[in-house]
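What follows is a pair of complexes built around chain A, which joins chain B in one and chain C in the other.
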Partner chain A sequence: MSDAVFQAATIPQPGFSDPSSDSQAVFRAILNAFSYPGRKFSITGPQDVPAALGSALAAVELTLFDIDTAVWHHPVLAQDESAMGYLLFHTGLKRCTELADADFVVATVDSMPALNELRTGSDLSPQESTTLVLDAREMTGAHNCRATGPGINGEIEFLMPETYAEFFEDWAANHQLFPRGVDLLIVDEHSVMALPRTTSLAIQEHKREA
Partner chain B sequence: MSSTDAIAERQQWMAVLALAEVSELSAAWEAWEEKPQVERIRGPESGIVMVRGRIGSGGDRFNLGEATVVRASVRLSGGPLNEDAFGHSYVLGSNPDHAWYSAVFDGMLATTQLREKVQQAVIRPLQHAHELREAAALADAQSTKVDFLTFAREN
Partner chain C sequence: MNSAKIEYNIGYIDEQTKRMIRRVMLKAVAIPGFQVPFASREVPLPRGWGTGGVQLTASLIGKSDVLKVIDQGSDDTTNAVSIRKFFHRVSSVETTTDTTQATLIQTRHRIPETPLQEGQIMVYQVPLPEPLRFLEPRETETRQLHALNEYGLMYVKLYEDIAKYGHIAKTYDYPVIVNGRYLMAPSPTPSFDNPKLHQSPALHLYGAGREKRIYAIPPYTDVESLGFEDYPFEPQAFEEPCAICGSTGVYLDQIITDDKGGALYVCSDSDYCANKFAQLSKEGEGVSE
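On to the complex of A and B.
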């Protein structure tokens, strides 16, 4: 009898060491991020994770995704057997290949789809929109931005990773769609930051990252 | 052996492990020489499953009720193993040790290297012990059977 019948192609690494507490801590950070746009909230994920995911993004996916969520991953991640095996084992998420079917879209700065390709919900059910999760570990550039809107006391300045050329135009158009629209969760090495559809962005000046 | 046969064999040893007493499993593990290293991948953790039955054993499905299940998944490496093994268990109840031992033995059984050895030393004795327990319970129940001499009966 062949072992191949039984053995997984790769055995996944463990997930959260204390799933209950750890996922609640990450969820709390994400909730804070959406409540206070433009501010970073730190998160801790498991240390031993597939490299394509990294600790923080793994923590976000383990916390937010389950058998009821349809997730589109950018091609490099989608083709990474180690990362996909890990996520499927620990979350049971539904993989989707069409952006229109996705509840969540996970992308990097250079694989981010245009905002108008994503689901914006309906007037009666605006929450049925897509949430865009941006893996900002590797930035090609950044913009100094000023954000205003609900959850922000006056205004806040933060560094927005550079994505695609028309992003700021599309973000303004997204804002006009309220209550419909998409929301953005930015994940870097150690933290999350969110831009809900209610946040307005203005570029202060263009800044090049080394 | 086809993969359907292989799966059936795995289901059979998983059942034996799930129906064993925890004390038997821990004794078997203690007695096992050359233990592999065990890393927890998931659990032991408990959850709930909906147990379903079929009306009249073949009709429509219905929800019988919820049952607590404890599960574990472990990675076995080193020791006697040539390559890493992935072991799983799902056990009725909430005893984390039961899930842990079952997953460890399942992992060893999943390798061609150790399968026969574990079948012989662990699974067959556990199965035998289970059959003895079942037989004792049956004999006990049978002893309470009342013969109604004045009524005609089917059996």
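On to the complex of A and C.
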């Protein structure tokens, strides 16, 4: 084993200061987000984290991922040594390079793969689908959306970060696939919001610049 | 001999197991009514005593939670007291009997009478998660039936009840369709409680430890109890009011009072009954003043 491994630069920053309690609080925010789609729930992550990850996304990854999860990271993150070193050290997650193998896909608004490239599970096992974790810290714009479905009392309006051009058509198709389908977890600086496959989206006319 | 106090991980089970259960919970919420398999663990109570519910609560519970545990509506029966004590010991959370104060409510077969609120989580201890099990014993087949949305068997069962008895003879674990898609067993809650599931503001999580399944009803979700146009679903109804607090429109327990057939009917929800009774006594004092 070479000494390089122990150089200061390769020692990852600390994870949660209290792993049990901190990840519990983050999980409850994520569970709330899945239960009440379209609403934001704030989370507190570790402060000293690799910049490419950011505090909130780091918190989500530390909470959900471990040796049992295959995770695809967008290229910028996957090539960032400090970020990947941090995640591998703290979670032991399985890195994967093929979207089709991923239990979780972590992408930014620019690098988000089309929904139909992701695993949707089967009719027998719809739980074997991919969950897309969208890093929305740097969004270029947002659409004003109206959502209906389980977890929503009547309907809710919210801002959906702009991703790729056919996102809304693809989401409608994804919703139609139920019980199969992809679930979406949107993470920004301090909060999470989820769109499970049961959520139906209608895009409002105007588009706001973020 | 002095034994040092054992320090448990919060919620007793280990972090890796919690993460596995948490990921399953997210899938369960995303696919309302679908039974998601999970790697059920050993917990310090026997299978069939609520191990599924205990694993869910253990994976959910944290410092800011207030836990209520009920057994047949009652806060003070053995199962409820033991589980409440257990979680107080292994996670040091606050416990309560007050439905309005609780953030987590673990239950064996009742939904509290006091309406639930947004942000509350109901955790059910489920013995048999598969509503079709007594009609089709093979798991491989029932999974297919769910995949194909093929629930004719259950309708035939309900029809046969009507043909035999003149009414649908199922009073608990009354089958429901969740979000217009999955047939689901609401655990052996009385059919009286079924209407409370429809468009409930709270999240309902079901855990079956022995059968290794977790499923959920998200908040504000359609939950339809099965029935026919001419024989619609009818929840149980009670003619008498509660003998203690006088409430009507609540679920009542029968208490045998002698060996000559005498019986008393009282609220099954002990917290609701105590509150109503306290309110009545207060009003009574007000009148006498």
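In this text, the second predicted complex is superposed on the first by the 200 of 210 C-alpha atoms of A that agree within 3 Å, B and C clash if a C-alpha of one lies under 4 Å from a C-alpha of the other, contacts with A are read in each partner's own complex, and residues count from 1 in each chain.
In this text, a contact is a pair of C-beta atoms (placed from the backbone, for glycine too) under 8 Å apart; a residue touches a chain by one contact, two chains touch by 3 or more.
Worth saying up front: this structure is predicted, and the values here are computed from it rather than measured.
In the superposed model, A:191 makes contact with neither chain B nor chain C.
By the document's definition of touching, of the two partners only chain B reaches A:11; chain C does not. Legend: residue contacts after superposition of the two complexes on their common chain; A:200 is shown touching neither chain B nor chain C. By the document's definition of touching, both partners, chain B and chain C, reach A:19. Contacts of A:55 after superposition: neither chain B nor chain C is touched. By the touch criterion stated above, A:127 is placed in contact with chain C alone, chain B being left untouched.
When the two structures are aligned on the shared chain, A:44 is found in touch with neither chain B nor chain C. Residue by residue along chain A, chain B and chain C are tallied for touches, and C comes out ahead.
In the superposition on chain A, A:27 makes contact with chain C only, while chain B stays out of contact range.
Within chain A, the residues touching chain B in one complex and chain C in the other are 19. Within the complex formed with chain C, the residues of chain A that make contact are 19-21, 23-25, 27-28, 30-32, 34-36, 63-69, 122-124, 126-127, 129, 131, 150-153, 178-179, 183, 196-198. Residue ranges on chain A touching chain B, taken from their complex, read 1-3, 5-8, 11-15, 19, 89-90. Of all residues in chain B, those touching chain A in their complex are 1, 3, 5-7, 9-10, 39-42, 45, 73, 75, 83-86, 110-112, 115. Touching chain A in their complex are the following residues of chain C: 9-11, 15-16, 18-20, 22-27, 29-32, 34, 36-37, 59-64, 118-119, 143-144, 147-148, 179, 181-182, 199, 201, 203, 218-222.
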